[in-house]
Each structure stands twice: as structure tokens, then as C-alpha cells.
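Naming follows writing order (A, B, C and D), and every chain is counted from residue 1.
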Amino acid sequence: MKKILVLTGGGDCPGLNAVIRAIVKRADHEGDVEVYGSIEAYSGVLRAPQEIIRLTNKTVAGIHVKGGTILGTTTKSDPFNFTITKENGEVETIDRSDEMVHMIKEMGFNCVISIGGDGSQRISKALFDKGMPVVGVPKTIDNDLSATDYTFGFQTAVQEATDAVDKLVSTAESHHRVIILEVMGRSAGWIALHSAIAGGAEICLIPEIPYDIEAVKERIESRYNNGRGFVNIVIAEGAKPKDGSITARKSDEAGYQNLRLGGVAYQLTQQLKNVGCKADIREMVLGHLQRGGSPNAFDRVLATQYGVKAMEMALAGDFGKMVTFKNNEISSVSLEAATEAYNNVDPLSYLVHAAKGIGISFGD
Amino acid sequence: MKKILVLTGGGDCPGLNAVIRAIVKRADHEGDVEVYGSIEAYSGVLRAPQEIIRLTNKTVAGIHVKGGTILGTTTKSDPFNFTITKENGEVETIDRSDEMVHMIKEMGFNCVISIGGDGSQRISKALFDKGMPVVGVPKTIDNDLSATDYTFGFQTAVQEATDAVDKLVSTAESHHRVIILEVMGRSAGWIALHSAIAGGAEICLIPEIPYDIEAVKERIESRYNNGRGFVNIVIAEGAKPKDGSITARKSDEAGYQNLRLGGVAYQLTQQLKNVGCKADIREMVLGHLQRGGSPNAFDRVLATQYGVKAMEMALAGDFGKMVTFKNNEISSVSLEAATEAYNNVDPLSYLVHAAKGIGISFGD
Amino acid sequence: MKKILVLTGGGDCPGLNAVIRAIVKRADHEGDVEVYGSIEAYSGVLRAPQEIIRLTNKTVAGIHVKGGTILGTTTKSDPFNFTITKENGEVETIDRSDEMVHMIKEMGFNCVISIGGDGSQRISKALFDKGMPVVGVPKTIDNDLSATDYTFGFQTAVQEATDAVDKLVSTAESHHRVIILEVMGRSAGWIALHSAIAGGAEICLIPEIPYDIEAVKERIESRYNNGRGFVNIVIAEGAKPKDGSITARKSDEAGYQNLRLGGVAYQLTQQLKNVGCKADIREMVLGHLQRGGSPNAFDRVLATQYGVKAMEMALAGDFGKMVTFKNNEISSVSLEAATEAYNNVDPLSYLVHAAKGIGISFGD
Amino acid sequence: MKKILVLTGGGDCPGLNAVIRAIVKRADHEGDVEVYGSIEAYSGVLRAPQEIIRLTNKTVAGIHVKGGTILGTTTKSDPFNFTITKENGEVETIDRSDEMVHMIKEMGFNCVISIGGDGSQRISKALFDKGMPVVGVPKTIDNDLSATDYTFGFQTAVQEATDAVDKLVSTAESHHRVIILEVMGRSAGWIALHSAIAGGAEICLIPEIPYDIEAVKERIESRYNNGRGFVNIVIAEGAKPKDGSITARKSDEAGYQNLRLGGVAYQLTQQLKNVGCKADIREMVLGHLQRGGSPNAFDRVLATQYGVKAMEMALAGDFGKMVTFKNNEISSVSLEAATEAYNNVDPLSYLVHAAKGIGISFGD
């Protein structure tokens, strides 16, 4: 009898439950394997046994259609920097990685399948180096890992953003307005790029192509004839002007506090007003709508294959690797290779070329 | 041959195009009637003939599925207070109502069908008193007119808000967060109330029931056991605390500038932090997503009946009235009666009672 | 401590789970009440105790977004005509109604809340007459009960049918085809009527208005110019021609076998060909898609109010009645009155008048 | 000034309008290029000039969100076998290919962009061999061309089928039924395979893996415990049993007439009954819902790239080729290579392996 532990870390993403379901069902198909889940990533292990739960076919029935993760998740469960609140209220971080590796073995797990983003995979790598058997499953809604062509959740987020553009077009047109839609993408502009093309936006601003506010203004004005016209702008949350005037980032606490006061979209409005743009501008921050909700068919199929593959690697003892989807094939890479390169939008790619070809301005 | 003019005023709303289509198709069915549209409400008339367009079956083919309005709309076309920008840049408002009445007659229109909100209906009333034949069609996405049980656009907005709650629940649950969703409703909390019930939110804050921030905090805390739990809050943009600490309103320019910096949802977060709520809180402002997009079936059926009825009143010379939907029947009331009373949520209604019955807190 | 039993009977319908959830949550809000569910309508009682399950807030968490019913349902649980398969394979029906009333009392239930259609309410009435305390909640996706203006599930089914028309229009138009969509409605044409108006169909055939196949053909041909054009037809499964040539009904076993071979839509195609219609015709039977899926916001709000009201009646001892929604208000009627009149489409109603006014033909 | 002609042939497919829009917008971006559309594939050319229309930015504004094709389509416009109805009613096919090539040159078109399926690309190849400059864009909702990894429309059809499975699951579960969903796929089972995985079906029957009806029955029975349980089956319209008992194909006229009487799904029900399956079975044929409706974001992005690439090839004189999407890159192949190999589901592929791994039975 083999025992496999599953956990989900980092921000939630449509498709996590489909991965968990596939892992459990593949184990059931194999027979002689028990699957367990750790609540809130690695935290559950440290709070064992009450936060280690058995996962059966019954537990996972129908969960593939649901957003979120039945195991819960957190961005604060790094065993190398585990946060503890002391009796006097002070917060301290300690290294509990050895304890983690010990407990996994103590509890008799043959492998940990860790579904998570960049940070989670680095932790997995470090625990693997300490002797813990682990298989990784990539999770990044921004699709910014170069080791894999697609990650689940991305197409669902793109669809959500595209639906939003579709809706905003009709109200922008009726009122002759500029509507700015802020979507996810702190360092990679994939969601913005795909949804701008799919939704038919006029302007797309992404981190990889710093924008010139005057060029943005010009594109807006070219759309207005005799005072009429309308413009839809899709902006990634990490987009920045060429002049470096915006440096705050959501990843800094100060930047986050600043940016949430209306967001990047609001800042763009102010910049446009500063350069004399007279259009009637409205902003919309899509935010958590991109994370929630049922994964679309594409993401469910991808997530299911990831889950099956991860379980098969776990059973085969093929540890220290992460599942990938490259050139239309399910495969795997070492955890080291998994996190060494990012997948950013290439300004010279055919996709950006095609976007420009249909008249989308990147403000460059 | 009769000639009827149609126009749409105020904020756009799903279903406007379905009304326009029904008006045109009913005229075609009648025969011997020509329908025209005025671009951007009454402004089009003052810019005639280039902004008066003929509407035929072909013009309106398939438009009932589209959000927005093919005639464009504006909130600045009151002929009694018409805005003019003078050569020196000064803005002036003048009374062009007599000119309006004159032009309608001059162009040979037998009736104007004005689709619009409270403000539009008041203007229609005043023009009717000056001798212009007019029929009104109510438009308020907030469903806040007491003369009619339902207005088109409302159910579509409720569905959009409910879809948002459905999506936010999964992410709130996975991260053990409080997520605040701000929806439309400056003076009437209908959208918030319906979507909170339909989406299964725990807290619903509306203008009609001022909230006690301590009660909101308590409800949140009662959901958290051993540091876990999650809460979804739906807040109408016009919701206010009992203590009167928020007085800014989006309808004031200053209030609007203040509130758009994150919105009412953001202010609620600050209030919760001020009273010691330690939950991890996120905000989402649904904004223009509620206005855009295809009207749902309910709204299309209602809008179609409104359009048919309005055209029949126009043909029958039944002027000075507004179409209504009361007790499941299409009818009409005088323009005077149409705008004299608002339809606010009654805190003692069965709907609020039912919401409380399933455990929703209004913070009162 | 009070004990209430809930059950769902007849065909499933979006919103059943929302009713169940509201019943349970209202009981929790009251305190000192336990709610139980009977699996597969009254069958569960006869198989007690293994098919009587406790329903708590945890059981019903999040179920309002799901179609179907967590209690299961069946159309074969009438205690007055209970079906039994004997050892020799013979099927027999026996009267177990006295046993039913006895068991409900034996198990200590203060009231049974029976959510079901016409047939279920008649059974409830008969059991009530034998002394069983019962409260009814109406369930008919066809919206064909005159005691209530709306039943949950109807608007969801209309939306599903409207979405189908929206999709079929684009393919009909591209190929210059006639596409016939068959929707539910054996005796009442509400779903067909609403979705034909909302989707912009050209022809709507319903049970209440027998059609003349020549008139249908003429309407089709009037849409074709120089060999082009397209037509969308929505037909209720109970629609019939004036000449009485179709008498098979799905409710007869023979009729069902006959009709499922392509359905009513396929028969209409044959009739059209018989009278010389040369158009390229395709059929689509929407079938179970109308029953499945998440209830829309309208139906969730209605279902929630029904559930709350039913529990309040159960607690107040207000037995022998069914919850209703009349003139925009939640109320109740006696079980006797609940089932004595049907709500069919009135061919002289304003809704049919409006449909004709926008050019929809009923083939009459 | 260059002149490019666009046409769409074969069955309609979500994304056709997005391709057309991208072609026109790319031309506008280039400048000095005029784009024209031919109504109903090559038929329009033969009926020139009235069926050759100018396509401008205004013509294509917003069409990317719409299903179908603004140019109309037909499966009967092969210039090599052009159908003519003679005065006496006889139907004759004649070769008008030389006339076609002549007219394209006569009208001054520099290139024809032909968007169509396998048949259309063969016609393009033959016309190219006769001297007509042509660029192909692949269109097959079944995704069955080996020259390209993805064709637009496929993911939208998969999503539609998955939505159907999601809805049918709840009704199947509530009634303990087997529900069979028939989806497109006459020779390739891609839509069935993807939607069965994404929707969580228990059984998937595709043309590439002939099924054993006893194995299907066994899988159904294994799901039923004590008379309860439910099963969702997705079957491609081209699926066939191992024993060869079904040979009728929709592509034969006789087979079509036979199969439309309830479809492949209905035949499966009969087969199951014949081998003694006692489950309560219902069928649903998804049919044209898969073709209609708005393309999803994935398909819009793909279709846009196809359109841009096709126009660039047309401008560059890169004729006799078809646009492709291989290994995540936009590229092209010769028309000869484009149609020589089909893309069928490989029973030994990882996708089928993964489907089996989560417990899906293919009845083999």
C-alpha cells in the first residue's frame, strides 16, 4: 500500500480541484494506493494529524467543476520561513524544514504532490534536496512559467477578461466613453494580450512593453470623430509608462496600499488627464473574478492530465520533477529547470505582431 | 402615414435595444407608420436632420441581444438646461425647450417615445405640458420606480452580480478571506438584496438599512472558527453606516472623486480595520459590468412588451403617460404619477425577512 | 424540539436545492428545530431509517447553486399506488398511505414539507386528509399552476431555451436554413412563448394555439427572398396541428416511443415537406438541458422565499396549504385550491398580442 | 492598390467572423488594399457583381463576437461540380472551374482567401493548379486536420458540450438515470473525448475505438448500487460497435434519414436494452448548438492570428498554401500537404490514457 500526500499552495486558480480529483481517481484506478490531502499547503503537515485528511473517490466527486481548492491554500506556509505568532504578539519566522521532511517520512508518505506556483516549486526543490520525495504541478494563472506552454486557470481567466471586454464595449459605445479594464499580470501580460485580442480592445498595455502616455492619448483621439467614438483599454496590473513615473508595485506593501486606491487603471486615467485627454473615462478592476468560478473545458482537460501524470510519477518514483505541457504533449522537467526561466510576452512575437496588425496599440 | 420618434436617455441599461426593436417591429406590423431615432436623446433633435435616422426592420434586426443602445445616450441633453460651450470656452446652459417642441412638430412627428429614467420622464412631462405628444418607457437598472414592479435591465444586473458572488465564494473559501462586492444602488438596495440572497452572501448592506460597523464585525467573527472561515459581503454603493461617518455620495462631484478611490467597498474595509477586525479582506467593485452585456430572457420579454405597448399608445394618441408593469400586467400611468414615488427596499418586507431567515446580516 | 421532514418529488427542476437550503437555514435561525430529508420523495419514509437523513447547515452549504436535488427524486413514489416488484418478477401496486401517515407520526415528525408538482400536491392533500401534517411547495418547470404567478425553474428553463435560440440564429442565418427548436411544455406553452420572444424567433407553436401547417409554411416562405433567408421556430412539445393529425402524446408510452424518434420537431419537418415547403430544415430537441444546471438568480430568490415560508408555516402549524407567489407577494393557498386550476397561455393575453405585434406567427 | 477576395465554405463554425475581421483589419493596417467578400463561398463569384461585397473596417466592427459568417456559406458551391437546376426541374452538375479562374482575374483580384474545411481546401488546390492565386484558412470544428494542432471553433464546441454534460449530470444524479449525450465527430472523436474528460462523464464512445456493448453495459451496472447510481455517456456521432451492427453514416443520405430518427444516441439505447440493461436511459443530441454562438476567447485569438497571417501571405504572394498552428506557432503548409492526412484520436495517446486513468470507459 502506497500513501501519497497532496497539497495546494499560493493564490487559488480555476482547475486546482480538477487536478486533485484526477490524482485521486488515478490512484483508485491503480489500486493499493491511498491519497491524503494537507490543509493549507505545508501548514497542514505541521498541524497533523487533524489537518491531514483522507481523499477518496467520494470526496472528489464533482469537484472538477468548482473553482478554488477543497484543501484550502495560503501564501504563508513556507517551512523554511514559517510564521509564528508568539504569546506576546510578536511575529517570528523559523525554519521548520527538517521537521517537515521528518514528518512526511514519519507519517509514511511515499511522495508529496505539491500543486503551486513559482514559490511553491522552489520550496519543493529545497525539500527534495533535503530528502523529501516530491512531484510538482505548476500553477500560475498568469501563464508565466517558461517550462510549460500552458498552465491551467489561464484560459479561464482570459475568458473572464474577454467576457468583461465584451460587456464594456456596449456601454462604452453607447456613452462614447473610454473604459479601462485592469486585469491580472504583474510581470507577464498574457491575460491582457489575449483578452484584448479576443475582446476587440483598441489599446493593450502590458509590463513587457512600457507605454508612452502621449501615444495612448493619440490612439484615443484618433477614435473620436466630431466628439463621438469610444475606446476600450485592457491594462495588465504590472504595466508601466516609459518615463518611469509609476514605480509602485502591488507586491510591495506600500505599493499595494497605494495601488488598491483605484488601481493601475485609475492611475492611467490621471496620466491621461495630465496630458490633456478630454475623453470621458471610466475604470474597472476585474480582480478576483479572474480567480474564482468554474474552470473552462480547456483548463479542466489540462488539469486532469497534470493530475494523472503527477500520480504516475509519484507511483514510479520519478521524484524531484514538475509536470509540464510542451508542444502539445504532457511531459516533465526537473524542479531546478522548472523555475529558472520566466515566460514573458515577447514584443517581437507573432501574437503581438498580429495584435498590432488588427490595429491594437501598445502605446509604444 | 404617421411618424414616430424614439430616443434613449440617461445611463445605458440592458434591454434598451430590445425596446427599440419592438417599437419598430410593432410599427411595421401596423403598416403606414415610419419610425425615426434621435441620436443621444433630445440632442439629436436639436442637431436635426443629420442626427435623426430612419429605423426599419433591417436596422433593428438582431439588436435585442445586444447591450447598450444603438441610438447612443447621454445624461446631458435636457432641453430645459441645455449645455453649450461658447467660443471662449465658457460653458452655459440655456432653455431650448420651446425650440424642441417646435422642431418635433416641424418635422412632423406624431409622437415622441422617450425611454429613460426618472430625470428623462420629468423632462418628458414638462415637454408634454408645453404641447409635445410624448409616451414614456421607464428605464432604471436599480428598479427604484414605484409606478412599476419591474424595469428591464434589473434582472440582468442581478444575474451579473450573482455570478460575481458565485465566483468570489470559491476564492474567499480557499483563502479564508472576507470579500466585499460593491454593486449598484445609490438610493435603492434591490440589486444588493437580490444578489446577496441568490449568491448566498453572509452580509448585505443597503441604503435603506444603515449599518452598525460593530454588528458587521461580529457577524464576520462568528464565521471564523480556529482562524478559518470566509465571508462574502454584498454592499450597495449607497449603503451608509448608522453613525453618519460616511456622507460622501457618488452623485456629488467631490463625493464621486473620493469614492472612486477604491469605492464604498474600500471604505468598509477601513471601517472594519478601525474597529479591530483582523480578517483578511479584499474588495471588488462590479461597476460597469452590470450595465453592459446581453439582456437576459426576462428583461428581453419585459422590454419587448414595453416597446409594443409604447408604440400602441403612440398610435392611439394616448399621450402624457408612461408604460408600466404592475401585478404581472402591462399597463400605463400618467407621467406625473410615474415619477412621484420611489420604490425602495422596505426593511419590513417579506424579502428582507426571508434574507434574515436564511442568516443574512444587514448589520442592523 | 420540533422535527420537520423534507422531500422532493416528480421531475427535477433548477431551484430544488435552493428551497431545501432555505428550509434548513430558516430552521437553524429559529433554533430548537431539526430538519430531515427523505430520499426519493415518499419512498425514503417507507425505507426508513436508512433513507431518512439529517440535514444541517453543513449539509446544505453551497447547494443553492446546483441543479437537481440532493434528496433524489422519482415519479414513482405515490404511497397510494406504491409499485412493488414481486419475486416472480410481476409488478404490483398497493396502497401504503396508512403506513405512510403512521410512520411519519411514529418517527415524530411535526410536519412534512413536500416540494413537488401537481401530482405530488394531490398526494399531499390526500395524506393531509388522512391526518398527516403537510406543507406544499409548488414545483413545475412549465409554470402551469394557476395558484402561483411563478414557479422556480421556469425562468432558468426560459433562459436556457433563449440561449439556444441565440445560438441557432447564427447558424440558421449563415446556411439560410429553417431551424426548429423543441422545448418543454406538454400542455402549457410558456417556455416556448417566452423564449420565442426573447430569442427573436419568427414562429412559435404552442399547445394552446393549434397551428395550420399551411400558415406555418407561408410564414417561412415570406422570409425567403431569391432563395435566401432563414427562420427560427420554437415549438412546445405539446403543440398540435388544427387538423388533429398528431395525437400521440409523450405522456402515453406508445406516444412517447413514437415521439422520441426525433420528436415533435421532426414531425413538424415532415408536415412541412408534405405541404411542399422546400426550405432546408434542421431540428433540435433541447430536452434535459432545460432541467439541469444552476438556477438563475430569479429562481434562487424565489426558491429561497418559498423555503423560508414553508418552514414558517410548518413551525406555525399552518398545515394543508401550499406556498405561492401572487402579485409579487409570497402567500399560501389550501392544497385543494392549489391544484384545481391550470395556468395555460391565454391566446388573448397581452403577451401573445405583443408577440404577434413584433411579427411572431403562431401558425393560426 | 491590391484587391483581395474572401469567402467561407462548408458548415459554419464559431470564429469565421473573427477570421474575416482580422483579414480586413490587417488590410486596413497595411493600407492600399481593398478587401471584398463573396457570398456563399464560390457561388458569389459566379453571381458577380451583385454577390461580391466590399468589406471595410465598418463592415466588420464587432463581428468577432458573433457565430456564423457574415458572408453566408454553403456546402454546394464546388466550381468543378456546380449544381444547376434546369427549367424542367432536372438537376445537373457542370464544371465551371475555368470560368471561376477567369472571373477572379477579370475582376482584378490579386488573391482569394478561402476559409473552409477539407473539401474547400481541395477545391482551392485544384483552382490554384489552374492558375488562381489562393491562400487557405483551415476550418473544421472536429479538429481533424493533421496539418494543424488546433482549428478555431473546436474549443468553443468542446465548451458547449462540456456545459451540456455539467447540466446533465445534475439531472442524471437526481433521477438515477443514464443520460447519453451525442456530440459532433463523424470520423474523429476529439469533441467527445475532451468534453467527457472536462465534464466528468463515465463513458466516452468515439469512432477511433469501436465499442463492445457488453462492456458499456458492465460499466453502467458497476455504477449502480442497490438500484441507485447514475451515468453520463458522451458519444461521438461516428462511434460504432465492434460487431459492425451499425453501418449507417450521417454522410449517406439513407444513413442520415435513419440516424436523425433519434440519432446515434437513440441507437445506443436500443443496443443497451437488447443486452439486458435495465437502467432508465435518456438521450440528448447536442446538434447545432455546437456550431452556433459566440466563439470563446481561445478560438477568437486563434482565428485572429489565422486572418492576419492569411492576409500577409496574400500580400506577399505566398500562394497555394494554408495557414496552420503547429507547436504553438503560426505557420503554413502547401495546400497539398494540408489535406493529405487526418488528425484522429490515437487510442494510445496520453490523452486517452489519462481519460482511462480517471476511470472513463471507452467500451473497449
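Definition applied: contacts are C-beta pairs under 8 Å (C-beta built on N, C-alpha and C of every residue); 3 or more make two chains touch, one makes a residue touch a chain.
Keep in mind that this is a model prediction, so the values were computed, not measured.
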**Message:** By mean C-alpha position, what chain is farthest away from subunit A?
**Reply:** C
**Prompt:** In angstrom, rounded to a whole number, how far apart do the mean CA points of subunit A and subunit C lie?
**Reply:** 41
**Request:** Express in whole angstrom the distance between the two chain centres, defined as the mean CA positions of subunit A and subunit D.
**Result:** 32
**Asked** Cα centroid separation between subunit C and subunit D, in whole Å?
**Response** 35
**Prompt:** Could you say which residues in subunit C touch two or more other chains, in rising order?
**Reply:** 166, 169
**Complete:** Inter-chain touches occur between A-B, A-D, B-C, C-D
**Touch list for subunit D against partner subunit A, complex** = 21-22, 25-26, 28-29, 62, 64-65, 149, 155, 158-159, 161-162, 166, 169, 194-195, 197-200, 294, 296-298, 300-301, 304-305, 307-309, 311-312, 327-330, 350-351, 353-354, 356-359
**Contact set on subunit D toward subunit C in their complex** = 11-12, 16, 66-69, 72-74, 163-164, 166-171, 173-176, 179, 228, 260-262, 266, 282-285, 287-289, 291-293
